[in-house]
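Listed after this line are the structures, all set down as structure tokens.
Below, chain A partners chain B and then partners chain C, in two separate complexes.
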Partner chain A sequence: MRTVVTLLRKDLLLELRALETVPAMILFSIVTFVIFHFALNREAIDGQLAAGVLTATLLFASMLAINRLFVAEREQGGFDAFLLAPVERSALLVAKAAALCLFLVVLELIAVPAFDVLLLGPALGPALLGLIAVLALADVALAVIGTLVSAIAVHARAREVIGPVIGLPLLIPALIATARALGPLLAAHTTGTPPSRWIAFLGLYDLVFALLAYAVFDFLLED
Partner chain B sequence: MIGIAFALIFFYAPLDADQGFIQKIFYLHVPLAIVSLSGFVFGGLLAIGHLRTGERKWDMRSYVAIHLALIFGFAGLITGSIWAKASWGHWWEWSEPTLVSYLIVLLLFATYQPLRFSIEDPERQARYASVFAIVAGAFVPLNFIAVRAAQKFVHPRILTLGGGNLPGSMRLTFVISLLAIGLLYVTFWKFEMAAKNARGQLRAARRALLGDDAVRPMGRSAAPS
Partner chain C sequence: MGGQAPAIELRGLSRHFGERTALRNVSVRVAPGATLAVLGRNGAGKSTLLRILATLLRPHAGEVSVLGEPLPKRAFAVRGRLGLLGHEPLLYRDLTGRENLLYHARLHGLPAARVEEVLAAVQMERRAQEPVRLLSRGMVQRLAIGRVVLHRPELLLLDEPRANLDPGASELVEPLIGRRAGATRVLTSHDPKAALAEADLVLALAGGRVAFAGSPDQVSSQQLRELYA
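Showing the complex of A and B:
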């Protein structure tokens, strides 16, 4: 546990000092919203369309973070240093996934209000709690799969290509669930409660892939 | 076995009531789909064997299983498309969970070979490919559940409803076709494994007799050489 916290602190400190990933993600999201406004040629969107736009934007913004997640480790010998330390190897997985999750939360804290202002028709007020719940589960899914895929891709040749190419199909069920859960929440007359079947599915997906990632991660770190 | 299966398909099974002769492609399409999905999961299980024992031959088995399953999978996709055009009128149908989940699985496994061959160190390549095979193998059932929950269905549910409503003669033909395609898959698998093993032994013999220079390095290959 202490290892995880130490690694997490290191990643967050690095990000705070360099400010590379999160601002890029935020900028990307906002530009994407603008592009969607012109691409869809509408004043405001709601319902399933809005949920789809938001989900797709978050997904592609997260790809930016996923591409960069292990790069510093690879280029500056972080993997070797970590392997030499007498700690549990899956701590790296947990720490990186937690860092990615936090980046996504920060992204959403800015991108969702931007979405509300720029594109969304109905007010977010009643749906806010449901939205937070769904996005929290989606963040965990993106974080787990993103970390796994990033660890696989960092040693491959065409790193920035392979990462999204593997990660996107793996994330499709989670995205289906996120988009379907957000659809009723962003509709004009929303009850504010997300459909429970998709929440349950997202939870199941998170659990299964978290356990799976935990089980296989050690093999990715061997020399 | 394949010969028997085809004979049965064309002469024994009666014509389906509302689809006529075209329905017979079902005897190819469904077994191909079933065998390919099982092949993916089988590849994942073999990959577990590789990670547990550390022997490269398990990884080779997993690789062969997955790439054969991918070929069978694309054949299944194409035969399904032909059947769809003939019986529903269009080549693809988004509102059908079986098709969409199958497509997603195929897209995922199509990335297996690019991933594999983009990693240069052979040990690492084998390990990472095994990790991917395990994760993707576990993904197959999960994906199926997700897509099924998302959409209504028009795809004929032949197997799911308690044995389905196939009359006896059709059921027999179907089972034999399934066995035939399954055996075809296993045959290809064994054949390819034998070919890779033979090539590896030949190269080892050449190396031992003629020295390392006499053996050219192979380009893209999953096998240890």
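Showing the complex of A and C:
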């Protein structure tokens, strides 16, 4: 746990200093909402359409962070420094996934209100708690799978391509479950409760990939 | 010294990168506390050898034992007992010198006071609050040396350790990475005379093969000239 905190603190400090990832994700999301606003030629959207737009935008924005997750390690020797330390390698997986998860939370704190202002028809208030629960589960899926894919891509020559090419197909089930869970929440007369089967699906998906990532991560760092 | 268990023992070590052979059938024994100078032209396999000893690369053939532990099987037991100074300083450019060393200290379970000790030893206390990207190459090298010795490693793997250092700085780091440090050392250098002056044992590589292995007294200037021709 001490190692995870050390690695996470370093990643957050690097992002605070460089501001290279989160601002880009936020800007990307807001521009995408504006594009949807004009492309759909509608003042407001709701229900499943709104859920699809929000989920897809957050997913694509997360790709920016996934592609950059191990850049400092690759370009500044962070991998070697970490591998030379007498610590468990899985700590890097947990710390990177936690950092990515935090980046997504910061993104959503700004992107969701922006989505509400720019595109969403119904008031967000009644759906807020359900929305937070669904996005939290979606963030875990994005963070775990994103870290795994980023670790696979980092040693490859075409790493910017590999992230989306491997990551997006793996994230499709999570995308579907997130959008289906959000659809009723963003409808005009929502009960504020997300469909339990999609919540359970997302939870299970998170668990399976967390275990898978834990099992294979050490091998990804091997020579 | 001959009866002691070796700090490093290589038997028939080979390593390839695809079709290219980086090291072929390299054998050497280094006693605890001794200094091995690895000489050779660019691409001779010096850095590959250091990275194998540092557990960052796996050998493809042969036996490697470091600090009494067989590699790669017992790599975990060796990490934390060695320090690697490579071509890259392994420091984050957007973090300050102090933040970088604190990060490494935490990874090694060391107290923050040790960071201050090391910053003082490399005379970087006054510039320790500046991001590494703003420092000169010589200062970055001093910080990198600080990182390497932070956890008082038993084995120092030094790839051209005095690169970018002026004579004053070179003298400054002598107690940390020089013979006085007391650690077993493997060092590479593009200045063979300086490396030979520090070495107890010389390993000259040419195209990944051993061109010479023995005492510095046994290497003639002619052999060195041929090595670097």
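Operating definition for what follows: the second predicted complex is superposed on the first by the 223 of 223 C-alpha atoms of A that agree within 3 Å, B and C clash if a C-alpha of one lies under 4 Å from a C-alpha of the other, contacts with A are read in each partner's own complex, and residues count from 1 in each chain.
To be clear about the criterion, a contact is a pair of C-beta atoms (placed from the backbone, for glycine too) under 8 Å apart; a residue touches a chain by one contact, two chains touch by 3 or more.
As the structure is a computational prediction, the values presented were derived from the model and not from experiment.
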Partner chain(s) touched by A:18 [first = chain B, second = chain C, both, neither]: second
Chain touching more of chain A, residue-wise (chain B, chain C): B
Chain B versus chain C as contact partner of A:10, first or second or both or neither: second
Chain B versus chain C as contact partner of A:216, first or second or both or neither: first
Partner chain in contact with A:197 - chain B first, chain C second, else both or neither: first
Which superposed partner A:170 touches (first chain B, second chain C, both, neither): first
First, second, both or neither for A:113, with chain B first and chain C second: neither
Which superposed partner A:78 touches (first chain B, second chain C, both, neither): second
Intersection of the chain A residues that touch chain B with those that touch chain C: 222
Touch list for chain A against partner chain C, complex: 2-3, 6, 10, 13-14, 17-18, 72, 76-78, 80-87, 222-223
Chain B-facing residues of chain A, complex: 148, 152-153, 155-158, 162, 165-166, 169-170, 172-173, 176-177, 180, 197, 201, 204-205, 208-209, 212-213, 216, 219-220, 222
Chain A-facing residues of chain C, complex: 54-58, 76, 79-80, 82-84, 86, 88-95, 99, 103-104, 106-109, 131, 147
Touching residues on chain B, where the partner in the complex is chain A: 51, 104-105, 107-108, 111, 114-115, 118-121, 124, 127-128, 130-132, 134-136, 138-139, 142-143, 145-147, 149-150
